[in-house]
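Both complexes below contain chain A, partnered by chain B and then by chain C.
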Partner chain A sequence: MHGQPRKPPKPEDEAASAAKAEKLRNLQSQFLCFHHNNIYSKEALEVNAKLLEINPEYYTAWNYRKLAVEHRLTQSESDPDSDSDSVNSILNVELKVVESALRQNFKSYGAWHHRKWVLGKGQSSLDHELRLLDRFQKADSRNFHAWNYRRFVASLLNISEVDELQYTTDMINKNFSNYSAWHNRSVLLSNLLKKKAQGFFPKEKVLNEEYELVHQALFTDPDDQSGWFYHLWLLEQTVKDDAPLLVSSWPAHDSNLILLGDSCLEDSALSPFNTFHSELGTIPLVVYFNKAVEGVNSSTISVESLLNTKGELTWKPLSTNNSQTAQVWVTYLNYPDIKLHSSEFYPVEVSVGHAQGIISSSGFHYSHPSRFAFKVFVRPFEKDLAGHGVEMVSWREDNFLLYESRSQESNPILSLDQLNIKDDHEESSSEWRAETIANEIALFRELLSEINCKIGKLTLARLLIAHDTMLSPIANKMVHSEEVIELYSDLIKLDSPHSQYYKDERSSVLLQQITSNRETLLRYCFRHGDRTSSILGNSICLRLNNLSLSRMGSIEKLLWVQMLDLSHNELRSIEGLEAMQLLSCLNLSNNKLSSFTALGPLRLLKSLKALDISCNEIGSHSIDTTRYLCSSPLSHAEEIDWIPDETVTGDVNLTDYWEAFLIFKDLNLTQSDIVGNAIADEKFKSFLVKIVPTLKWLDGQELQLH
Partner chain B sequence: MLPTSTWALRKASPPKIRPWVSFVASYDPGHWVCGGGVVHVVVAGCGSTDHRGTLEYPGRTVTLEPAEGEVCANCSMTGDFGNCDMYKAKLVKLLWVLWVLAMRVSNITFGRAQVAPPPLDRAWWKMGGLAAEKHIQYILTVEKRKDDFISVVMEHLRMSGAYWGLTTLDLLEKLDTVDVDEVVSWVMKCQHESGGFGGNIGHDPHILYTLSAVQVLALFDKLNVLDIDKVTNYVAGLQNEDGSFSGDIWGEVDTRFSYIAICCLSILRRLNKINVEKAVSYVVSCKNLDGGFGCTPGGESHAGQIFCCVAALSLTGSLHHIDKDLLGWWLCERQVKSGGLNGRPEKLPDVCYSWWVLSSLIMIDRVHWINKEKLVKYILDCQDTENGGISDRPDDAVDVYHTYFGVAGLSLLEYPGLKAIDPAYALPVDVVNRIVFGR
Partner chain C sequence: MSEDASSYPPIEPTKFDLIVVGTGLPESVIAAAASANGKTVLHLDPNSSYGSHYASLSLHDLSNFLNSHPAPPPSTSSNGHDFTPVPLAPRPLYSHVEISSFVPEILDDEHSRKFNIDLCGPRVLFCADKSIDLILKSGANQYIDFKSIESSFVCDASGRLTNVPDSRAAIFKDKSLGLTEKNQLMRLFKLVQQHLGGGENENERISGQDLESPFVEFLKKMRLPPKIKSIILYAIAMADYDQDNVELCEDVLKTKDGIDRLALYNSSVGSAFFLVLAAMGVILIPRPVTLFLVWIMARFIGRMFPNAFGAFLYPIYGHGELPQAFCRRAAVKGCIHAQKICSIPKLVPSILEYFEE
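Let's look at the complex of A and B:
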């Protein structure tokens, strides 16, 4: 029931309602009687029509009419006197019943479908339909049933998309506050652009006109949302490439990777950023695209190297729900079986997309074949150190010293620029983009000088980010980052109900700023002083703690990180962290993680050894917001192999802890901190110790070995 | 050993003297300031903020000036506060409870949201936030009422009405007031020989009511009365070549039916009986450029439809097809000034969207982008506190549909005293756990 005022029923109303109810009840029972006895007489159909006029939602009555139509059509077929007129008259009655039902309730799904069903017989004239629609769309220009029906009729009548586009223009000119019209416009226009229809190619001119149209809506009433989403879509159309693009990799292009290097390595010619230690006997090779792609395999990416002696490489999508589409893909290069000369560099060359097959989820092919190369230096493994055993990693403040880089060493950011793939776009196209964005920025600055509105600020922030991204599509030099951060800070105050949205956006920009160049990034790089922690292949810890981050971002620039401190932020999720394949130590303490399923990305980090999730909100919430983002039996993505063994489960009901079981069972953690979460009682801790047999320290305490 | 925290709120007798109260924010417990109406909550935890958004830190002087009929309360904490952040989760909960208590006293000031005191004839402030008892009574009487016009008009969807009413009772932990055998035998009388269920006895089978019937049986843990294969065959038989689903034999196609088929078969543990890949690709083909979904390809985004599509993708592990930030922004902009949610841009708010929008935001982990407190208040404002039930907007006529969506919305908002509900199955979490984990 919608929009009916709440009032105590008056006696006379009650009487009227009872009388109406009685009438309807009679109609309904008469109708059901006819229906159950398959009676399709004139009288029966009249009862049915009366019923539908009062209650168009009575779906069984529509079904009955369809049965009746079929019954009568069959009859008229066998009747030698019948002609097309009699068929028409049968169907016309139906169209009339629908019309009167729609007058009663034009949101009736059953009525609209009945009309489609009748027209689907292909016997009725369609001339009346557009007039009918005009009437309904005038009465309620946002009725989505009518719009859906319009698309149906337009396709039956073969009305061109260009004509329908004109219809949306007319509707918008009548009243720009019509989201339905803007929506239909986006559907039609994107089809026309995709088809490169006449007059819609190249897209530059078309988009310019669309910008003008939507400006009228936005600037007339900035608080009216009708044009907001359309403008965002235009912006996407302007700056985004359809084709997927490789944005980064690990190892990075031109880097010298030192394999098996231990943490005592102090060779000044070598950068600790590039030292890597693996117990697994493999080196991960990670490719990071700007959008999710499928079809990454040994034929679409070729790897030439002495290291890979075991035949074809298997590429795995880094996807938290087991899909075959992902932005990040990984494969593993085997350590040489042969004894390599320990003082030599072994080159590896990777070619991406020289053979077709890498396709974005929207169906666009990878069209910028690219190549990157790096060298691997195998350093002899010092048995002594290996036998030394693992020690606990401590995150204590005094263990960290700001990293002082040496000028000659390679750095992780610089190499990204070298990966830059030659832009083969036409000059004119990129000029047009730059001009359009500059124009938009100027317009929105002007709007903001007149009126302080949230959509103006938000759009300006988005435009400035688009501008900076366009300047350097891969390195993301952030010219405007300070201004954008300020805009988001304003928005947090201006539009407080959505403050967390702006905080999340601000966090992304802040991370882009931090990772935009070597100097800023180095301010967050620390040397971990705890030399004995041989878990680490290098001793560089990236510390992004205490930054009020509410989400992670810019991970494509952090693929080299092995030790990451994200403590004392406001993280609710760690989406994207699955790309950091080298990560072995992670501190997530003092954040807002509220469930184990939020840790889903960690399941893909095979080298993770130390995990601190203390002081979060795990166990404090009844609603789990990442329940469906993590693959589990709930989403049919995987089943849980319950261990029936009593010694493992003890008195614990596994169903209570299925999320923890799912996350931790595949991790080979040696240390973990979970204190300060509502779930972390003694019972849970003993459960955790049982399902993670590799665990040596829990909450800073060394575990007694059984 | 974890430090412990304690808290309390004291309601004072009508204050005679209302002094200015000054205290130093500290880690010491025991600051009590009492009045009689509005409650200011001050959390003396380092790094947190007070009701005006000012940062708390030890040593800060806080001055509270209670006006007529106000209560000033200070949460007290004991234990080792070496790391205050640890308490953030607890503090949130605590604020929540205080806030609910405050609702009983009168209106509440939080940040900038100052609302006029409720008129005296509005009884909710006497009874506390959610008028649970009234709603239970309302549902039980509606169930029995069969003679007024509205009841007759709704007769064809009584199966869905049963699902809305019974799920509401279960969320309020009152399902045991219902005669299980009576409900189950009625449900089974609505089953058609095809395996599908009608909206009432003698009505045609439809996928809509088939899901409702299965959900009702799941609530009572009575799925065993079903011929599972028969129901499965009915649902699976409605899948079309392109992966979409028809609502019944008459061929209306809609993404609502895709969700219903997937949810129904998930509850029956028979999802493998349909072509999931095609079902998913049909849903994805209804995705729009604003990130939302429509009934059929090209259809306008609508919060109800978005719920169906997001839930269908959730249940099939296919959420990667969604641009979560784009859809999340569209969805969070459904919150209007009153705190309520609408279903499409520039439309009026309606309690039912507390379910459609909220559950979608939860499934894509973007629910923090709206203001939950304002939404709770909006839903509570739509209660009929005299006769029970919840309506679409404040002071409109109530119905079972909106009562369910209001209570389910509050459950998604972690309102105290309600069972948690699963955003995709639209059943209480314990029922889903029983189905999925066999408990």
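Let's look at the complex of A and C:
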């Protein structure tokens, strides 16, 4: 069945297929005639059966059969002479038609679906189904249609999951290159583990046995990928937390937040990491979970503070597709500036999950109630300076000086991990995890010493990351990151068709390494020389430029960043950036962004003032493939406030730049650089100036006030 | 002897294209081949049973066989005829036999029929071997039932029996191999497959130099551990003699031949579908064991295992079935058989010359 090369057809084959086509056309026109006239006679059904035997992929013909069955069943109900035998005979004909169709093509979706539909009537005997399945498994043990159908029949017959699991074991023993068997195994085991069925508890013991089994496959034939996929599933079962956890927040726990007026940056006693300037009179409060959750609201998260006097807080999911499920949520605390005294600290205490309601998308409840607290200190707000001219931010190299930290500063990193509250009952399980991962790492190092195997390297890299991530709260560094980066660099060379994936992974490891502790992070922190600029609440710029990054990562540790330089990388997307709510200056120049859709996350960054997207590939690709991945005007997820015609002025048509419009319409940018993109012609520039009225500088040129 | 001879009906005709003496496997094959090609053949055997040294005997028959001393050449006095008798009795294989029975009760009538012993030692046949083709082509398969060998074991230095992992699925299931060993073994199989498939890359082929070197050296070069080496050499490539001991080894297996054996083994696995299959355990003892190899096979205990496609076949009633089958084939084609013939008259000088050579 597998691995048979395709041969070009011979002349006699072509003649045969022409004859077949002729026959098919005949049958088809006959059938359609019956169908249109709602004729469900025996003769009509026979024509249909012949047609399906030749071409099982003809969905209309299957649907006709369903109509015919319904029709005949209703007839037999109204017929006083009919009994259950007549119903059975109607359905048995259907089963036979399906079988002969499957003989023609055992991978016909329509045929399998029709069989399920017939059995769903609950009238047919199921004993025959298992025998039929056996026949199909013998013909091709990897036929996933048959496996699918097996799950369906097994649930109808109430075959125990334990028995079905044994069946997968038998099939794997016969031939372990069977994705379907491994897959079914993972499905069955997930259920059994969830139910804590007898013999399937504790989870650790079961998973150990599964590791043992899959090792046999991986070592016997590392070139066969089916086992590797199962291993990946096992790894996920090993490291994953079912319940969502709070991984970070802004402001961080135990931090002293200083809210600034315009000219206070020279104050040397203040830590620039916790200094924040807001024109809006609000402080964002960001909570960052390890997975997407829903149900974040004022009852599941309580905030106690003097700062917020305006009643209930509204939490907003930071999601680019308007879903009510997100990994990051934000709310805004108001501070009434006049009443606060400059010498006073205002404590804020946030309790997360003390009331039930935060649920992960896979249905697990947030079960680790946690609390974090910070203090807010407000410097006098000098209003007369607030209106003082805003200046252009320059990304020129000589504007940056490596930041030299002062010892008394609070650590931007450290405080994050204090949020991780470990329960006692997790101790043993986390010990087992560490042991298992270490064991796996040793094994695959051994395998790789024997052979050169791409997927082995990938697995080792994943294991090392899992190991480091697990230990990072304690070790506070990624001990294996150099090795992992090397593995991925190696894979990029070995397996160029998948290089983009490896680059993404390498980027995220590199970012994990950079953000793993204070020392490494400080190497990328610069003081921006342009001190007079009031855009900057603090003058620390995180410069992650020239790192060959293809995507962003470790954003949970970078929530404090207000100025970010990502230029000269290979970014194709900026997914995740929406969590950086404090971001006011962003440099994305010289990357590989190919459309405005890829900039989607920017729409959620309300404090963004300066954006540099020069020298990218926007407009170079006529077909924007990211459109299908990201939200677009075509997707219903988009919430559009339709702007009437007045925005479409002159020769600029809104629909030409629809995506740009969606990105820029909500941003209050004061400066932007778009030069070096295919789209950035004069027409586009004038369009941009119109939809972003706050814009003062475009491509380094000060705009003339209208 | 003369009475015996006289009690025999006269053999007609008196002229043959070929007279074959002895019913061992080679002789039987020759007789069958010649008869099939239309030659007149006389097939003689001084013993009362078929097979000569290729016979499979029950325990009872075995002790009789060992105790029977070949009759001395009959006094050959020319009694007026113009021919001299030619002695046909083979030279004995042994000079002294001592039989002791440790558990006499197993030799009683009930059990003695359950066991056969192959005189020439157990020989299994590769399913894809030419000899099987011959058996099928000659039609001798009509007279033999085969069993498929369900599993093979190798005996290691400490006397422990380990399973022979001979396929991908078997390697996967094997509990005695370590993970790295599994990988090494499978890699060798793959290399052989790629090599035979005319691998395109340098590393998918075995170099000419390696092909001429001893197989055991090649396996060493592949960094295979001793356990796997002996599995490949003795249980899969079926090498004779101690291949590790090059000085004493009478038949050093070259890599080229070793690869061919592996290929034969590989094509043998799963090709036995046309023959009767049954379960049977076979103990493969590395050939350095020089003792008389006692081979006991359980006769009727085999269960049917329709899916057990082993690489080897074995005649269901022992190896002695093979010469018998060829003899029967020869007989069908017109060959004349005579047992217990210890001498033949010298009929034609040319035949005599044939024997004297």
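Methods note: the second predicted complex is superposed on the first by the 562 of 706 C-alpha atoms of A that agree within 3 Å, B and C clash if a C-alpha of one lies under 4 Å from a C-alpha of the other, contacts with A are read in each partner's own complex, and residues count from 1 in each chain.
We adopt the following convention: a residue touches a chain if its C-beta (ideal position, glycine included) is under 8 Å from a C-beta of that chain, and two chains touch if they have at least 3 such contacts.
Just so you know, these numbers come straight off a predicted model, no measurement behind them.
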First, second, both or neither for A:590, with chain B first and chain C second: first
Partner chain in contact with A:153 - chain B first, chain C second, else both or neither: neither
Which superposed partner A:176 touches (first chain B, second chain C, both, neither): second
Touching partner for A:66 - first (chain B), second (chain C), both, neither: first
Touched partner set for A:252, first chain B, second chain C, both or neither: neither
First, second, both or neither for A:215, with chain B first and chain C second: second
Most chain A residues touched (candidates chain B, chain C): B
First (chain B), second (chain C), both or neither touched by A:564: neither
Partner chain A, residues of chain C touching it in the complex: 168-169, 171-173, 179-180, 182-184, 186-187
For the chain A and chain B complex, residues of the former touching the latter: 1-7, 14, 17-18, 20-21, 24-25, 28, 32, 36, 55, 57-60, 62-63, 66, 109, 113, 116-117, 142, 144, 147-148, 151, 177, 179-180, 183-184, 186-187, 190, 224-226, 228-229, 232-233, 292, 319, 321-323, 325-326, 361, 496-498, 500-501, 504, 568, 572-573, 575, 590, 592, 594, 598, 614-617, 620-623, 625-629, 631, 633-637, 640, 653-655, 658, 675-678
List of chain B residues in touch with chain A within their complex: 2, 83, 85-86, 88-90, 92-93, 111-112, 147-153, 155-157, 198-199, 202-204, 206, 248, 250-252, 254, 266, 271, 276, 288-290, 294-296, 298-302, 314-321, 326, 328-330, 332-333, 335, 339, 344-347, 350, 362-371, 374, 384, 391-393, 395-399, 401-402, 411-414, 420, 422-424, 429, 432-433, 436-437, 439
Touching residues (chain side chain A, partner chain C) in the complex: 173-176, 215-217, 219-222, 443, 446-447, 450-451
